Amino acid sequence: MTMYAFYGALEQGFAYGLMVLGVYLTFRILDFPDLTVDGSLPLGASVSAVAITAGYSPVVAILMASGAGFLAGMVTGILNTKLRILHLLASILTMIALYSVNLRIMGKPNVTLLGQDTIVDWFTQFSGLPQYLSTPVLFCAICAVAAVVLVWFLHTEIGLALLATGDNPQMITSQGVNTHTVIIFGVGLSNAMVACSGALVAQNQGAADVNMGVGSIVAGLASVIIGETVFGDKTIFRAILAALLGSVLYRVAIALALGLKLGAFSITPSDLNLITALLVVIALTAPTMKQKFFSKGSAA
Amino acid sequence: MKKLGLIILAIVLFATPALCSEKTYTISVNQIVEHPALDALRQGFMDSLKEQGIKAEYNVHIAQGNAATNTQIASQILGEQPDLVLAISTSSAQVVAQKVKDRPILFTGVTDPVTAGLVKSLENPGANVSGMTDMSPMKKHVELIREILPSVKSIGVIYNSGEPNSIVLVNLLKKYSSEQDIGVVEGTIANSSGVYQAAKSLVGRADVIYVPTDNTVVSAIESAVKVCNQNHIPLIAGDVDSVKRGAVAALAVDYYLMGRQTGEMGGRVLRDGMKPADMPVESSKQLRLYINKKSSKSMGVKLPDSVISRADKIIE
Amino acid sequence: MSGQIVIQKAFKAFNRGSVNEVKAINGIDLTINDGDFITIIGSNGAGKSTFLNALAGSFFLDSGSIIMGGEDVTTWPEHKRAAKIGRVFQDPLLGTCAGATIEQNMALAKKRGKSRGLGLGVKGRDRAYFRENLAQLGLGLEDRLRTATGLLSGGQRQALTMLMATMVRPELLLLDEHTAALDPKTAQMILELTQEMVEQQNLTALMVTHNMNQAINLGNRLVMFHRGRVVLDIAGEEKQDLKVEDLLQRFAELRGDEELSDRMLLC
């Protein structure tokens, strides 16, 4: 693997890092399987692309994208809590609807950012580093800030209530917390991060495309699993760090595979789909395995 | 043993330069997905360079339709430090143009390079990117439709509303149709499984059904053929492969030839040192007319002699 | 603060209109006085747990009203009523968050009924307070503040739940067969803890139990449910003089030739 490919993997890992954090927040912390991700990633991309093309600064565009993502997450949350639609189904509904919404926002299926001033351009100028270095540094910095804020938040009173909602909704309800509000906020927050990630990815690849979100949830879960397996999740801080590093490792694995040629045999990107799918199966069954194993040990 | 190894190594190192009399160029290829048309483009390009006597080592990357892999490939290509980058399809070209600023890039199989941001204008690309567009000669398609069915009042078009190239084509279709006082009705799909439904929705509303060069629709063209056969509506396509599969006629770009033409552009870059900025975007010089006599019978349309005599290929 | 808790003309049926309709609460009028410790008994399906859930707000009554401390809580959702109510469940794992530490659980309970903000969840100054409370349990938990409750035994978690239910003084403490899932020794420990806490803090409590001895020995008032109604309500001296046989006879009368449950005979 060349140096460029490695830095490329780093930049991808951190560009999608916020998406992985969002997936971690819903899947692991809130215990809410959320497929909205496949729609909110391109939502963030389209909102930011349209905003930048309209003349807004890249930073403002990213904030607008995050806001849009938050709203999308709220919709899923409301469908689940108020309309009592199963969380998985609610998120799929929102995801499907977002396809049309994204087309409307962009007016067409693809909005190019080539030739526009993106946050990458701004930071490259500011730092003086060559683009292949400045991009991963920038995205890493953004992820670091997000991680710190998230860790801090989860230690606050509200954050603690959020953790409890995912862990034991009956308990936290009897302690006076409205789980509906928590879920709506939590899923909103998660998708705000995903949309932010989408905005970064679009600025990295030079275009926002209505189909760019397909398979995000799979990549997100795979990244979470890799992170947990390799780095562990004993404390909140560790878990969040693990998610980010998992995202990077996942993209590094792809980069390795792309460069791999052993005589006649080579792993093609389509093999990675199978590997990713296997990882997702582990992600979804690990909690039940844990529970089965665990409850045997703690009965009175 | 070690000594023997060193001697062999020395021989190889000294001999190799002697064996290489010409320069071997490194060409990195980024292709979004495996597809007959895109593969034909690549093959045509490679064959053309070979025939021009240009030696090249190819790094071919297929993104398997995945946007993230596509971006990764662009970073990979940076590391390969190629003499020329060949990008096959719009998204492949966009991501390479974003990442590779200091090497010549040639795109092919892109319908609208200007809207995609790849070039400033077709005549003056402006940066390190140029190439070939496969924009269908829509005006000629409308004329062909008129020729086959002079009484046509309304053209039904099936396309994927999520595909930017198709939107460009449909807008052109509307433009040239209105110039001929022909109306256009749309049947949009989101994926290949919707083609049958879309075709059915056009029955009774269109005299002719047209399928542009839209990968999603073309992959399921048989569904449209079925509907057209059942309802005696002629089906005109934007690509020649579809005629083999049941469309009545198509006047189209031959992707292999287009690939060859791209190879000629490539030769000018590598051997003559031309810069893409100075190379206007080219479109296919040769169009081919394919017709399908069997389909014309089952769809209830009589092909005029003028069309039959002009045809490059007739399928019975 | 506290006051009377009055339930009037309460009705609740599940699966209404279908073949499976169950009239779980079928006309209950009950007044709970400040400081009452009521034990609730009844056969299976009599509506005891349903009654507690109705008070907690797990569902809304079909008709009737619930007044707590002068406020009409009939239409209050569960999380809103939680400000007034402390709950201990039959499942010892249900009252605490397995993934959170002891101090985190207690911090959550300390905020029951209060609004939560962006201040630190577990505050340094609260730790001493938590330790003090935990020490009273005599289980050594005060040294394990940073242990995840998922690692504790059921009995320890139930004891913790009891502490958490009373950390913010509740107007009503609901105990729903809270020793039923514990082994005899641990059950006894929890029962003693219950009695201690209720007495020390002068709490108003309802305790559902299948154990006749428990029902007779604890509390100042005993209520028997049958088929969604209150059929026996004994307090004071009359309760103290009660014997297990009296209750069993009452059960038999109610159910005619229905079989008595094994559970009750074995207590």
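Order as written gives the chain letters A, B and C; numbering starts at 1 within each chain.
Everything below uses one rule, namely that a residue touches a chain if its C-beta (ideal position, glycine included) is under 8 Å from a C-beta of that chain, and two chains touch if they have at least 3 such contacts.
This structure is a prediction, so every number in the text was calculated from the model and none was measured.
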item	value
Greatest separation from chain A - chain, by CA centre	C
Innermost chain, taking as reference the mean of every protein Cα atom displayed	A
Whole-Å gap separating chain A and chain B, where each centre is the average of the chain's CA atoms	34
Euclidean distance of C-alpha centroids - chain A vs chain C, Å	42
Between chain C and chain B, distance of the C-alpha-averaged centres to the nearest whole Å	72
Residue ranges of chain A in contact with chain B within the complex	1-5, 7-9, 11-12, 16, 99, 103, 108-110, 112-115, 131-132, 201, 204-207, 209-212, 215, 219, 251, 254-255, 258-259, 268-270, 273
Contact set on chain B toward chain A in their complex	61-64, 66-76, 78-80, 90-91, 94-95, 97-99, 101, 115-118, 161-164, 167, 190
Chain A - residues contacting chain C, complex	153, 155-161, 163-164, 167-168, 170-179, 294-295, 298-300
Chain A contact footprint on chain C (complex, rising order)	56, 77-80, 82-83, 85, 87, 89, 92-100, 104, 107-109, 111-114, 116-122, 150-155, 158, 164, 181-183, 186
